[in-house]
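Several structures are given next for inspection.
Shared between the two complexes below is chain A, which pairs with chain B and chain C, respectively.
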Partner chain A sequence: MRSERWLLAPYALGGLVLLAIPAAATFAVAFLELDLLAPAEWAGIDNFRALLEDPIFREALVNSLTFAALAVPLRLLGALGLALLLHERFRGAGAARTAAYLPSVVPDIAYALLWLFLVNPLFGPINAALGLAGLPQPGWLTTGAGAMATIVLMSGFTIGEGFVVALAARQELPKELYELARVEGAGVLHTLRRVTLPLMAPTLTLLAVRDLAFSLQVSFIPAYLLTDGGPDRATLFLPLYAFDVGFEQFRYGYAAAMTLTLFAITAVLVGVQLWVVRRWRFDAGA
Partner chain B sequence: MSLAFEGVTKAWDGTNALSSLSLEVGSGELVTVLGPSGSGKSTALRVAAGLETPDAGVVRIGGRDVTATPPSERGVAMVFQSFALFPHLSARDNIAFGLRARGMSRDDAGRRARELAGPLGLDGLLGRRPAQLSGGERQRVALARALAGRPEVLLLDEPLSNLDARAAPADARLRAEARAEIRRVHAATGITALYVTHDQDEALALGERVAVLNRGQLQQIGTPDEVYDRPANRFVASFVGEPPMNLVEAGRLDLPGTTHDGVLVGFRPEDVVVEPSAPLRARLVLAERTGHDELWHLDAHGVAIVARPRPAREGGPGAPREGDEIAFRVDPAGIRLFDAATGRAR
Partner chain C sequence: MKATARPIGALLVAILFLAPLSFLVTGGLREPGLLPAGGFPLLPERVTLDAYERAFALVPLGRQLVNSLIVAAIAVPLSVLVASWAGFAMMLLPRRHRRLAVGSSLVLLMVPLAALWLPRFVLFRAVGAIDTYIPLIAPALLGMSPFYVLLFYWSYRRVPRDLFDAGRLEGLGAYGLWRRVAAPLVRPTTFAVAALAFVTTWGNFIDPVLFVNDPDLATLPLGLRSLAALGPTSFPVLLAAALVATLPAALAFAAVQRRFLQSTREAGWLGR
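For the complex of A and B:
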């Protein structure tokens, strides 16, 4: 038993070198005035004070929260909906499940290029389809709202992991509970509300928490590749702004303070989320 | 309300789980369905509930053809082997589940749950979740839930086989109590009940009539005494009874007045009479004593026979030892004849 713990060593080493030390360094750097030009100087909470007065930071924070507020429910509903549709065995279920998972294994850059093509205002298939249907053809990436919508939509398809977890959770639920519900006259909605959702709640909570953290952090990649924060900073999310400040402007201390703040905001939001879910579960159970 | 199967057939992957089953449970009657695993007994119950659609045949409840009626509109309730209690709901909400699903108000459903809790010994437990209840309590919650909607027909799928398997000695007493509970509920409500089990003690003790099923076919239906005393065929003879009937092949049997060719002679272990003046001889291979019960495994010239002798006093002069030769006869009143070819009782 004891000797087997050594099997953890590679992971522990990776965690230390790639996560723990950089995190500790970030924490320390956040309290320094550190850039490439001058030697490091103790700055105390100056960096954090500056954040409060930085209008771009405020804009990026609002963008990030907006994205999370739109993307998390969408992604969760997508994963849950697909799991509920595809948990039973039927002809083609395997192919459908594979299709649901597939967008999640496309490399980020290829996925971003795909969406650049899809939403191209002139010859992209989305606007072509909208045109054929006689619907308005939005400019997508050329407007702020359109760019935000595009990135939210993009994130709505890369839900493979959530889907697989929700699928497994649904398949774990005993068949007899559903047979009993049928005999006792519970309809589809009553069964969903009183049986399926409460019993899947622990899994859905986990997915929601994970997705919130994910949405606040990883929204960086599509925004960086697709819009570079534009147009007019409409998709400048916090991690992207921190990246710009740190690695384009080389203001390491300020970027570190921003990262720490994002971390704190994420922690608070996850806490609120857990509290709400616990309340809801208590209500559903009573 | 009576429950009737008329020529019900159900196949899974080409093999018949039920082959043209015809069976009627009279209004207010409790019929137990006894059979080994894979005999189709659970399928029969699920067809009655409407959880499975038969390939052929008709299911009637109170004379009405319900073959195509959805489960919730048949006036049936079901108790599952696993109890199928909702782990996130209290006992009260589990009992009230069907009532709430059918639109009863929370207050009325709660009142009905309390009403059922008393007689079933669930007072004070209604606020608990299934995980906080014992096996017996869970079983009673499942029973209360089934009764909550005042169904016409109660379907029970091995409801006692899941009682605390951990506590073996307490298990037997718990089952006996649960059996008494079900009998009491049946008497009190006058509900029509179909009760599926693989446990013959349960089937014989509970059923007003017992239906024996094997390989999807009804072997016999009758009162527990009929099934035990007059097995309709070789299968019933060898399945019912612990241990079952001795079946001895006799090419030709001469009895006063008649001669039988190609018969199996059946007799229960308790119909073997051991006495010194008896004409038959056998060697005692093994004497098994389990408390009050004693079984002798005999070898009568190559024919294995199980006997349940009247208990001889320990160390008495007549008590044979393993390896001894004994003299026995079979009580003629206990002899049943079966056709060796068809297996049917003669």
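For the complex of A and C:
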């Protein structure tokens, strides 16, 4: 049958024109000396050599990796935990599902404004609550660690997408399997490790890949709106630095080299992730 | 697990996730201006809508609300259609082509958005689409994200092949199979992707920043940004505007959430 090609055509065309070709163009520009003032010139790997010596790039890279290392496990465990807790029908499960998804529908900028208020040192409710409890009240956005913690914390509430996918995957597992495990006297943790997790592994892998790419790239918006990369560049993530270099300083070649590096890092980390999961599934006998 | 543990867990989850949002609701009900420092500001002493009035007076939020709705009304159905078609077509492809399509979708998923900004700008300027809604709607042409296409693909793959074979024997082509057999079976996925696509389009911030300078075409996220730039200290006004921007997304989610969030083992949504 040929007619399926027509159904694929819009996506193929859109993917080509809006994703693949622009990405290829950017990756080509990474090897050019290209800015607003001078005509383009072949630069070879000069841009990448300059990246290696750029202390700000190094900071941004470390920040992005730190963010991903904190946010991805938090978000994945959150989504998995919610799915395991709420996958059955019981009193309150439906309302809890809705509540857990709700922060994810708030537009990014509205969400950033909300958190600007929540962590405000003078009249924000978080520090007010900490004060009432007699706990120290950190200046969230005034210290590097506090600003990073704020952005990680923010990202921990917007896990609706991962939650829905994990929920569906958990609901798909046959009930009989769990009855069998119970008959054989397997405990809760044992069942989780030997039955649930291996069977959910493909879905969890997809989510981990999606979330890693997401964390390395989309950390842009809270940093842009909330902290502007500060204080002292503590939340200057790679996409934000690339935006600064490309759209404020108009050094296109250099910005392109940066995004190509980001893509390469994402690809390598995803590869490592897939490799680890494959080994782990093998160990688990799945 | 004990019978009572899960409901208690569910309650804690609900409290935890609703707590930050509660301030989005109550924050805009205070008088505009500086807040009293040090107090615990859950409930205002005097409930007033002045902050909303101020927000609408400072920035044309009403106009921007309409603009955002226009963009979403075109982009969301389009991206659901494109993603559903593409996912279905990918499932029908012969094995080698299918692997290629799935693999390249996964690779495209990893492309940094930052790598697309400049080339897309050049492209949109070349076709005269700067300061139109085209750049905001264009992502719908690829189903908003390869991730949504893959979600559809996995959903269709769970549908028993016999159903499609039977449809083919009745002489249905790919489109007929999709419309009569496949699409009705994956409705929960369709609603989930529609909700995700709406939220993505509605909150889209960077695209209007890059491609739309005409204030008459500004969407809500741009309005919120200019409001934040105008008066960074009046939290009630900012939170009022933030709630205005959030409500349509919350309502859209409320309208469809039953269809994909409240189902247990419903066929099609990554289920059987």
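The working rule: the second predicted complex is superposed on the first by the 283 of 286 C-alpha atoms of A that agree within 3 Å, B and C clash if a C-alpha of one lies under 4 Å from a C-alpha of the other, contacts with A are read in each partner's own complex, and residues count from 1 in each chain.
Here is the rule we go by: a residue touches a chain if its C-beta (ideal position, glycine included) is under 8 Å from a C-beta of that chain, and two chains touch if they have at least 3 such contacts.
Keep in mind that this is a model prediction, so the values were computed, not measured.
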item	value
Chain A as common anchor, with chain B and chain C clashing or fitting	fit
Which superposed partner A:Ser3 touches (first chain B, second chain C, both, neither)	second
Contacts of A:His190 with chain B and chain C, given as first, second, both or neither	first
Chain touching more of chain A, residue-wise (chain B, chain C)	C
First (chain B), second (chain C), both or neither touched by A:Pro239	second
After the two structures are overlaid on chain A, angle v-u-w for chain B, chain A, chain C in degrees (C-alpha centres, nearest 10)	80
Touching partner for A:Trp42 - first (chain B), second (chain C), both, neither	neither
Partner chain in contact with A:Glu176 - chain B first, chain C second, else both or neither	first
Contacts of A:Leu199 with chain B and chain C, given as first, second, both or neither	first
Minimum distance between Cα atoms of chain B and chain C in the superposition (Å)	12
Chain A residues contacted in one complex by chain B, in the other by chain C	none
Residue ranges of chain B in contact with chain A within the complex	49-51, 70-73, 76-78, 80, 82, 84, 86-90, 93, 97-98, 100-102, 145, 149
Residue ranges of chain A touching chain B (in the complex, touch as defined)	174, 176-177, 179-187, 190, 194-195, 198-199, 201, 281, 284-285
Contact set on chain A toward chain C in their complex	1, 3-8, 10-15, 17-23, 25-27, 29, 82, 85-111, 113-118, 120, 122-123, 125, 128-129, 131-132, 157, 161, 164-165, 167-169, 171-172, 188, 203, 206, 209-210, 213, 216-218, 220-221, 225, 238-239, 242-243, 246-247, 252, 255-256, 258-260, 262-263, 266-267, 270
Interface residues, chain C side, partner chain A - complex	1, 6-7, 9-11, 13-14, 17-18, 20-21, 23-24, 27, 34-42, 82-83, 85-86, 88-90, 92-93, 101, 104-120, 122-123, 138-143, 146-147, 149-151, 168, 173-175, 178, 188, 192, 195-196, 199, 202-203, 205-206, 210, 220-221, 224-225, 228, 235, 238-239, 241-243, 245-246, 249-250, 252-254, 257, 260-265, 269-272
